[in-house]
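For clarity, chains are labelled A, B, C, D and E in written order, and residue numbers in each chain start from 1.
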Amino acid sequence: MIIAEMKPIEEILDMIRSYQRILIVGCKGCVAVCSTGGPKEVSVLGSLLRIARKKEGRDIVIDEESLDRQCEPEFVDLAGDKVADADAVLSLACGAGVQMFAERFQDKVVLPGCNTTFLGVTEELGVWSERCAGCGNCILDKTAGLCPIARCSKQLLNGPCGGSMNGKCEISKDVDCVWQLIIDRLTRLNRLEMLEEIFPVKDWSPAGHGGPRKMVREDLKT
Amino acid sequence: MSFREALESGKFVVTAEVGPDKGTDIEHLLKDADIVKNRVDAINVTDLQSSVMRLGSMAVCHLLVDRGIDPIFQVTCRDRNRLALQSDLLSAWVLGVRNVLALTGDHPTLGDHPQAKPVFDLDSVTLLEVIRKLNSGSDMAGNELRGAPEFLPGAVVNPGADNEAALELQIMKMEKKIEAGARFFQTQGVYDLDAFEKFMKRIEGFHTKVLGGIILLKSVGMARYMNRNVAGVFVPETLIQELKTAEDKARVSINIAVRLIKGMKDLCDGVHIMALGWESKIPSILDAVKE
Amino acid sequence: MKEFEPKIIAFCCQYCAYAAADLAGSMRLKYAPNIRIVLVPCTGRIDVIHILRAVENGADGVLVAGCLEGGCHFVEGNFKAKNRVRYVKNLLGRIGIEEERVEMFNLSSAEGPRFAEIANEMTERIKTLGPSPLRRENSTEENI
Amino acid sequence: MKSGSNLERLLESGQFSVTAEAGPPKGTSSKVVQRKGELLKLCCDALNVTDNQTAIVRMSSLSGCVLLKEMGVEPVLQMVVRDRNRLALQSDILGAAALGIRNVLCLSGDHQKFGNHPTAKGVYDIDSIQFIQMVKNMRDEHKFLNGEDISGDVPFFIGAAANPFADPFEFRVIRLAKKVAAGADFIQTQGVFDMPKFIEWMKMVRDRGLDEKTHILAGLIPIKSVGMARYMRNNVSGLSVPKEIVDRMADAREPKEEGVKICLESIEQLKEVDGIHGIHIMAVAWEDIVSRIVEEAGLMPRPVV
Amino acid sequence: MIIADQKPLSEIQDMLAPYRKILLVGCGTCMTFCSAGGREEVATLAGTLLSENKDMTVDKMTIPQQCAVKFIDRLADKVGNYEAILSMACGNGVQAVANRFPEKPVLPALNTQFIGVEKEPGIWTESCMACGDCILWRTGGICPITRCAKSLLNGPCGGASGGKCEVSKDRPCAWQEIYHALKRLNMLHYLKEKPRVKDWPIHPGRIVREDLREVEAA
């Protein structure tokens, strides 16, 4: 799923400074699962903003809404009536959702309430970590189901650098050295010989480095 | 006289440019540089122009310094992150480079290594700020330097934007560049003096020097190609016709350049001639401008 | 001028703090009358939004009282609550509401006197802080 | 000869070689490089010029190399893949060739997080093994990475780093094998303090016959103080400093002398290890000790081939 | 949502070559919405694989999410019967499944592309790069980090022509779009802000939220 975290409340207060009527819109997709932008977080943020503005002695009217997904226009359009009443929309979706909102309501100020951080999984309740970089050319079959593009801090394709110690990455003791994990797993699967091959230079153009990406599926076009 | 002195003296300055080759062979390039050496105030050395892999700009700048030429070191943000950019700038100073032109750089997909990972850690505006910081004796993170450079920073601007938004954005960015320390601008190739005059009016009062860009028109095909594919370059149909009907095309091409340079003398502070292989024609162009 | 009497919401776990409050009552202990008790099945049930709502609606202070650490009926409900209280304190602090207005306490059902002590302690603390900034909106500086 | 560099000639003729490190300054002061060059000139066969070492911005390796070359010292151009993409790396390689640099050391580089610009964008377009292969193709096939031809020669003696002390230990020799297969002509290792582990690693290297395909120079870091020993033991990932070394430094009355002694003992042991073709001394901020170490190790004067 | 598409069939067959008994697992979230790995695509791929390899066993199962352990657990009593798992999830899902079943080869059937939105049926575009510091409020709801090919923060490069990006004529210049949006919203002053240098996030990313953890915070 897409992982996001709430923006610092100071930044949110700053961006809504000049507005009186705010619609906070949550998304029940990825950001709800990672407890950042679902209905619950919408009400927490709403309450916080009301407290902050009340303290400043300035009125604010906050309306709340949560959509099934903000990355699809048909769901976004459902918020139309509430959007019309608001000075600004504060979206708790990932960046894709915020931009879908801005695109559907071109004359409305649309503000992001979250920072979208990575594609990842829940490690345990309250802890998420990155797993996939969306590089467009999956090699997980060759690396024992562990991705060196997303999980090695240097995106190395030919084994760990000299900073790998006790199974941890040189950047932090909280980060596993993914190459250690790959080697452990290949040992278990008895496929260590896969490490001897030199991985060729990667084509980064499908990984977002060739400009913003677009995917077309002819079979689904209308 | 160094490029900086020439610029500060208020005279109408002239710069040219050389593009390094694809390999370690430098004879040809040095020959071109020698042809224009005593006729121009500085020579730009391009940094992997059009994202095509070539010999590095810094090495060539160093070779030009050795030959008594004041080079303008072009630096793009495409291939290096902030560590490498700052490190290369310090090095360039040590190797005798005094002028830097900060650019964003073309995207790698346009070049010959389209699969490369573009960097774009900084952009042209923030690169200028970095140069200013280095000049003041610290790196961009604020760490003090042991010995500081004194670069003359420059930038580019595209006066030929093709719509309102693009023009406003160019001007907005030009202001940011000046604020970030750009002391001179070299423009994209100009063929329409009226439009250029309008642009210069629009930026009246900006505290900077502007060198109008001159791209030698080598053929009708090239003119049409640029109109189709090069952002901000527009060759008017009258010029294309003039070139088309000419018997001695090189002669006409030189004439056009001479006219443009003469026209620019009252509009801006100098010209930047991009001869694209026709470096040998630069002396006669400059002679004709004087007449 | 009348002395400021704070309103304090106390979320009390039924297995400990609520029972302790009961005990304090039957022991006829005197404690500050400013505490409004809300019974919860476990402090683990308290969510960030409950605390915020209390503040938003004018509470001058909020206390969450759960079992002693290690003694939660649902094993780790009070740890969850501790994490959430800490989170709320941080959020409130950053929008300019004193963090001290919200606090977590741990006690057992047998500690009636401790409950009275907590109630007094919290009331004193809030009195020192003064009314919630949210209740001051219509008052002028002088009469605070 | 692949490059004709002094280092290559010495190693190919079977001489026990000595290289050292000359880090460029954080600024434009060329004197710093020149001073290090003077200090190390007579006792080393080539000097590595580091590339923004530990991700701290310094004058670039290329200009440091040019400065050394101008004073008659042979440089080794260190390049990391952290800061430059494949266009810049190839372009700088061509520039270095045009400026007469003949040795290059291809590295991954420390993560930018450790340096003084921790929020820089790490580039990592290619990795160190791909980098070695790329330079080899430029030299031997006259081909760029995209398969196009290069005009002119790119004569480089290609080096790589190896760290026998990082984890996973068993993989370290596989990685070295990959580097050799990719085209590494010489290897400089991480600083050796843990001699038993290093000897074990060298045995694995010899078992694969790698010592015959490349020249291995063992890394040495002279220790100045017990504080430095402790710091390296606890904080530098990829270094293994045994407790005995720290204790020896702690007990020493003259720590610097003890540091030199440790270094000299290591050299004696390394000379006996089959497959070691030289040493690489990394005396960070203690360059003036190098000539004494080389002298007392009986490695002076440096041979001329 | 996360957008992915299926790998070329030949690549999938290559990676399946050593195995005869496969469990094909779909994902009910993003991969279903972008028609890359939902129940329908699972059925289609299983059918294709079976028709090409008659002696193969391909069983199907689709779980609501492959990036959450509680759903992956539903596979637990089945995986023992198979030599390999072919996952039709994004890279997160494949790795989460691999992590849950350490003794089993877990293979990716899809290439994960980007975070984006559906433009029209069959066309998706990238809109978010998950850079960790959202500036959409200052850029008219259009992300220059993602939608400008050079991720420029301080205005466009000189390469746009006719409102299009230099990289491709069918991509708009994000900065021109930003300009129009800010003009419409009467927020052009955001263009004149001081130049910004981006603090790029360090990968791999990790987030810890104390209020949600069940263990005692340190």
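Note that in this section a residue touches a chain if its C-beta (ideal position, glycine included) is under 8 Å from a C-beta of that chain, and two chains touch if they have at least 3 such contacts.
If you're wondering where the values come from, they're calculated on a predicted model, not measured in any experiment.
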Among all chains, whose Cα centre is located farthest from the one for subunit C? B
Busiest chain-chain interface by contact pairs, anyone? A-E
Per the C-alpha means, the centres of subunit C and subunit E lie apart by a whole-Å value of 44
With chain centres defined as C-alpha means, what is the inter-centre distance between subunit C and subunit D in Å? 63
Any idea how many Å lie between the Cα centroids of subunit A and subunit D? 40
Among all residues of subunit E, those touching at least two other chains are 149, 167-168, 198, 200, 202, 209-214
Multi-chain contact sites of subunit B, meaning residues that touch two or more partners: 78, 82, 107-109, 116-118, 120-121, 140
Among the residues of subunit D, which are close enough to touch at least two other chains? 82, 86, 111, 113, 120-122, 124-125, 145
Which pairs of chains touch each other? A-B, A-C, A-D, A-E, B-D, B-E, C-E, D-E
Subunit E-touching residues of subunit B, taken from the complex the two chains share: 77-78, 82, 104-107, 109-110, 118, 120-126, 129, 140, 156-158, 162-163, 165-166, 168-170, 172-173, 175-176, 179-180, 188, 229-232
Subunit B-touching residues of subunit D, taken from the complex the two chains share: 25-30, 32, 51-52, 55, 57-60, 62-64, 66-67, 82-88, 90-92, 94-99, 112, 115-117, 120-125, 144-146, 148, 150-154
Which subunit E residues qualify as touching subunit A in the complex? 1-3, 5, 7, 15, 29-30, 33, 35, 65, 67-69, 90-92, 94-99, 102-103, 105-108, 110-134, 136-137, 140-143, 146-149, 165, 167-168, 171, 174, 181, 184-185, 187, 201-214
Residue numbers of subunit C touching subunit E in their complex, please. 48, 69, 76, 79-80, 82-84, 86-88
Per the contact definition, I'd like the list of subunit A residues that touch subunit B in the complex. 201-205, 207, 209-211
